[in-house]
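Following this line, the structures themselves.
Here subunit A shows up in two complexes: once beside subunit B, once beside subunit C.
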Partner chain A sequence: MVLCSVECVQRVSQYLRIPPGNLYMSENNILASDDILPNQCVEGFSAIVQALIMNSTSPARHLGSDTEKQALTRQWLEYAVLRINYADNALNSKRILRDLNDALKSSPYITGTEMTLADVVSYHLLHGIVKDLSQQEKAQYVNISRWFDNIQQDDEIRQKLQLVNFDLLNLYL
Partner chain B sequence: MIILTNDNNPNALKLIIGLKLAQQSVEINTVSCRDAVLGYLPSLQLPSGSSLFSTSAALQFLIPTPEESSVLINKWLEWDISQLQPALVSYGGSGKLDTSHKPRIWSLLKEFNRCLKSKERLIETNTVLSVADVSIWVSLWSTIAAVEVSKELTKEFPHVQEWLNNLESLPVVQESLKEFKFERGMNAIGSIQAASWFPLNSYTGGTLNKQLSNEVNTPKEKEVASISEEEILNVKKNWTSKDYPNLKEPSYPVLPKKGEKNILITSALPYVNNVPHLGNIIGCVLSGDIFARYCRQRNYNTLYISGTDEYGTATEAKAVEENMTPQQICDKFFSIHNDIYRWFSIGFDYFGRTTTPEQTEIVQSLFLRLKDKGFINMETIDQLLCEKCDRFLADRFVEGTCPGCKYEDARGDQCDGCGHLVNATELLNPRCKVCNNSPVIKPSVQFFLDLPKIEPILKKWAAKTEGEWSPTARVVAKPWLRDGLKPRCITRDLKWGIPVPIEEYKKKVFYVWFDAPVGYISITKRYTKDYEQWWKPKDHDVSLYQFMAKDNVPFHAIMFPASLLAADNGHTLVNHIMAIEYLNYEDTKFSKSRGIGVFGTDARDTGIPADVWRFYLAYIRPESQDSNFNWVDLATKNNSELLNNLGNFVNRALTFAEKNFGSKVPPMELREDDLIVLALAQRELSQYVAALEKAKMRDALRHILAISKHGNQYMQSQEPWVKIKGSDDDKKKAGTVIGVCSNLACLLSALLGPYMPSTSRELRAQLGLDKISYGYIPDTIMTFLPAGHKIGKPSPLFSKIEDQQVELLRKKYAGKQDSPSRELKSVIPAAATDTAALEAAIVKQGLLVRDLKAKGDKTIWQPQVQILLQLKKQLAELTSSTAKINSQSTPVNAKKSVSAATSELNGDGGQDVATLEAAIAKQGLLVRDLKTKGDKSVWQPEVEILLNLKKQLASITGAPVSAANDKKSKKKK
Partner chain C sequence: MAIGDLKTDKGLKELNRFLADRSYIEGWQPSQADVAVFEALGNAALGSNPHVQRWYTHIKSYEHKSLPGVKKVPSILGGTETAPPPKAAKPADDDDDVDLFGSDEEEDAEAAKVREERLKAYAEKKSKKPTLIAKSSIVLDVKPWDDETDMKEMEKHVRSISMDGLVWGASKLVPVGYGINKLQIMCVVEDDKVSVDLLVEEIQNFEDFVQSVDIAAFNKI
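For the complex of A and B:
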């Protein structure tokens, strides 16, 4: 099963308040959407998300305020399609959690000091995995725990997803 | 701009073309995947210091996407990385083309061909080339267009072929190709694979796997299923294509070399005035040794030094006690230390001492240098003078109440309660440790290190390097850096020490904390005259690893680096502070001063081999929290892990080879089952290496044991003893199994080297290898022992530790010390007053803990929690033993029910109940109060305490607690 699914895009579009268009899986098993843009089919999860960002009221807020930050956001959206997409396999999730934990070591958000859509997307993709982590694993991936707990406080991002409990006092040390 | 890439990775070419198109300079640095961010390459280094490992994102950064084509460009870039590249890697990543993946590639190419129809470029823009064209062109041209199937491309996908040729001839492409030489085809695919990671099933994406994962698999099937084809192919490739490297000839002296890994390792210098206990041994010298042995077995230039710390009042006092000169004491204890470490097979390159002319010279010149640079102040300070003993009291000779945490037995230099350093004169109610009199305060001139002046550089340095410290080290150092530093006294009015090199102050000596760390440098100087190559490297890198227990962190993280930074002489500063927590002995504290614990000499007398001690101490190494030495556990680990798991596996394999294959490694033809066990072992090996690179020896040890566990399961399922009696083909299979197992045994012998050096050599002898050296620790599994290799004579490596033996040992060493339980027994007649006192102490301590927790920092409140728990345990023991004694003293009542017995309790018991009830009432109020204020993390522990108290009350009175409990839990819901 892939995690970068129709449902995930719908949640992101709800957060951005931009209609996701007509979403479907193409014959090559690639996510596609028909009417985000007039007369054009957008193919690919990251491509769709980026198109939604461009339609939103403030693209710079979601993609990043300068070209460098935008590049980082693109990089992590790509990471989402390529890797987090398959995090529902325990073997993959380990490496993914390790990567992200490293990436979050010295910054509050995935791309640095600004929250971007890369955070929102990753949060939604990882929710199913993070909620089942043991206390020990939460401590092991403490940077992810910190980041995840931060992101989930925003009701517009979290939407109907369940709050994951982090016993922060015990996690941090 | 700078591109980092691994060797031969075509994706670097994408970045080069991108840079050329953006008219930027190109600089290419070849690095290994291990040094890459998250292991992904190539990456583009951005001016800000961050880097992009996604080539697509980097290309779009270099060449902004025109808005009208952004959707298409995004689509095709995503297609390249998430569809095409994973398929290419599956197709060719194994070193030969795997035809089962050809249809997938063909369907992608077909789609691509269709899109290129009647177009010169994939995406028509007004620039020369779109980034999508660049990206896909490189992916195809450097891989599939350069292998034998490329002929079919022309025929089946003419548009693709035309487009490939078309782009190749562009000047920008040709120029870029000059910048980066690489071999197209299979090697290129291999390099992409090495520096990327495409998760399992990433392109089948499929329905098939979904069904599989929903089924409940048996553990074994699951494990096998989780091995990816890639892993199998890698194992297969490494098995045949790699040669097992030899270890470097050890050189003397070991010196760092440019361009190589140079590792300098120190372990905290043990105080000379006592015999080290097990906690000291694992805390510093053994941890350092395991790591040093690992580094040597990886062919790093490794220097491991340590020595005894000999100056200071403790030595002076011990000398008075034993009626010897300080130097005689040092000589005596130096050889005791040296013997013990030798017995534990601690392989120092040099084990020195601090009472040497080199030490004096370096300490004095460091001091003068600091003084010249204005980092030394003079000040008259008040010192404690014991009038009865007629001497200034060194810090260690004063005890009193800690001004910070109010712990009553704080030492003059450091508080055991909260771990903070204290000034002796700040202690509340100080007392002389020798005569117990209150000392008086007298003024004296002393030198101070101006730490506040050094603080800015120190902070800058710490911020850069503390990421490499162990968590414990970071936690201990944090409050120091946060709270700001104060000037710190570095001299003392004593005799046994290094004199201050200024005429009028010659009678003063340096305080041990200032001189001891310099010992690392002076001891290296004793080892080699070229010591500056390690300590003041000019054109090569030296990584310094320092091992210690957490009480030594302030000196290694703050004081010593501060001195060296201020001296500004280009000294090697510590990169990795490897501090660990404390090891406890059978649930009580090891303590030199109180004489509790197993000491080095005792370990030798037990008859348990040093290797088993080393193994067990590493197994319980307190990496993240305090751990506990336990005799029963030691025996269990020896019997289950060493004897039944590791020893059994190796012995079975070798004995079988001896009996059935004439002591030769049989020929091996790897089939799927064999490859799977190798892949499983490979995983453990990779994790072993990764853990030890970070000096996480406790984790790494578990991976060794996991390998032999896999080996045992493999042998059990393959049943070579059945196959050997079967057909020729079966016999061959049995040979393969034994060959694979012998090779795993050989791998184990190398991995075991750092932990159990003698056992490792013994095993090497049994494997028919040179037993003088240890084996190289490789990154990958390969053929270590080729078919036909003659093995030695197998014999069991480990012996069982019997229960009786353990019991004897435990009693023997418990008898030596005054265990707390004994103390408790002796005070039992006064139980009533004691319980009350304990109760009061618990309440007080509870309040303190809560207070501290509210303020944050765990390092401060954690020890207080420990004290609290200790108090509670004592209380529990007391109450239960009181009850026991009471019931024993009235044997008639013993048969009656518990509640009946309670009514028979004497007045003491009644008071117990009363005090407990009072405590419960108080705690109840506290909990209610806290709950109204909110935060669960604060009141939760208090609720636990309340429940605990109630339970205790119940155990005395026999009354059920359930009523109160249920109410509480309902409320919580």
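For the complex of A and C:
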């Protein structure tokens, strides 16, 4: 099982209000989409998400306002594919939570002071993990909790996902 | 949750705790509440408060005027009243418009009065707060006249001095030489209530026993 699935792309495309095209798993077990770019088959989760961003109304808002931030966003999208993708196994998830917790220590969003699609994608990928964390673990990964809580307040991002409760967090800090 | 004076370490620690699980002071996006706290912080050194630091750099990255919300002292700083309306910022030609708020000035006076009252109440409340009592721990060296002085009796006399805010502690005899010992005695005094000079003088008043009194150590607690 991997997390960067068809379903995740569908949710991101719903957030961007861009049709995801014809999504399928290719023979090499790589996510692919036929109709995002004209007459071209886009392969790979990160590539598909980036193609979706480029098709959206304001790519700069989702990718970052300058080239440096855009590069950072792309890197985090790769991180999503290479690492968060496998977070459904307990050992991996601990490491990813630790990494992300460190990354979010000095900035409110993954790529810095702007919310980008890297946040949205990571939120969707991590939702299943964060919602099952105990209160102690939420307090342990307080930077993730804060970030997650902030992201999930946007209805357009959260969509049908369950609102994770962080109300009692400060009792455990 | 209210946060104390942001200029103090304690206030910063509280803000740090507050921001641990929040990205913004109020709600889920930057607002004037953030700006208010940001300005209240001023140029204060943030110290080792990672959450405050993160929030501070984040808010710094915004154009403050463009943030939504009404500028007021946010509730976490204990404020409920609005800051003085930004009248000065209004362009001057506003004055030519029909004055829809005829009683504006009167209201201002009233608001000022209310504000003054609140400030007064706040100051009163603050003054009632128990202030930290400053205490000092002192070690005194009491020297006798000669080796024939009864040190036990001397200690008894010294300990017989009682003042409000003075507590005697442990004591010991320290040899000085030629069989003479000096009495080293500890005491804790409240700075406001006990004058150390007076205490030394009192001990020296036991002229039969005491030759001199020195302050060996003086530490603020």
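Throughout what follows, the second predicted complex is superposed on the first by the 168 of 173 C-alpha atoms of A that agree within 3 Å, B and C clash if a C-alpha of one lies under 4 Å from a C-alpha of the other, contacts with A are read in each partner's own complex, and residues count from 1 in each chain.
The rule we apply is simple: a contact is a pair of C-beta atoms (placed from the backbone, for glycine too) under 8 Å apart; a residue touches a chain by one contact, two chains touch by 3 or more.
Predicted model, so just to flag it, every value in this text is computed and none were measured.
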Notebook entry, point to check: Who does A:T113 touch here: subunit B (first), subunit C (second), both, or neither?
Noted result: second
Check: After lining up the shared chain so the two structures overlap, which partner does A:W147 touch, if you call subunit B first and subunit C second: first, second, both or neither?
Finding: second
Checklist line | Touching partner for A:N39 - first (subunit B), second (subunit C), both, neither | finding: neither
Note to self: Between subunit B and subunit C, whom does A:Q136 touch in the aligned arrangement: first, second, both, or neither?
What the structure shows: neither
Check: Residues of subunit A touched: more by subunit B or subunit C?
Finding: B
Next item on the list: Based on the superposed arrangement, let me know which partner A:Y79 touches: subunit B (first), subunit C (second), both, or neither?
Entry: first
Next item on the list: Classify the contacts of A:F166 with the two partner chains as first (subunit B alone), second (subunit C alone), both, or neither.
Entry: second
Checklist line | Set intersection of subunit A contacts, subunit C complex versus subunit B complex | finding: 105-106, 169, 173
Notebook entry, point to check: Can you list the subunit B residues touching subunit A in their complex?
Noted result: 38, 46-48, 50, 52-54, 56-58, 60-61, 64, 67, 70-71, 74-75, 77-79, 81-83, 107, 111, 197-202, 205-206, 209-210, 213, 226, 228, 467, 471, 475, 858, 937
Item checked: Interfacial residue positions of subunit A with respect to subunit B in the complex -> 1-2, 28-30, 37, 40, 42-47, 50-51, 54, 67-68, 70-72, 74-75, 78-79, 81-83, 85-92, 95-96, 99, 102-103, 105-106, 112, 167-169, 172-173
Notebook entry, point to check: In their shared complex, at which residues does subunit C touch subunit A?
Noted result: 17, 20-24, 28, 50, 53-55, 57-58, 61-62
Check: What does subunit A use to touch subunit C in their complex?
Finding: 105-108, 113, 142, 145-147, 149-150, 153-154, 166, 169-170, 173
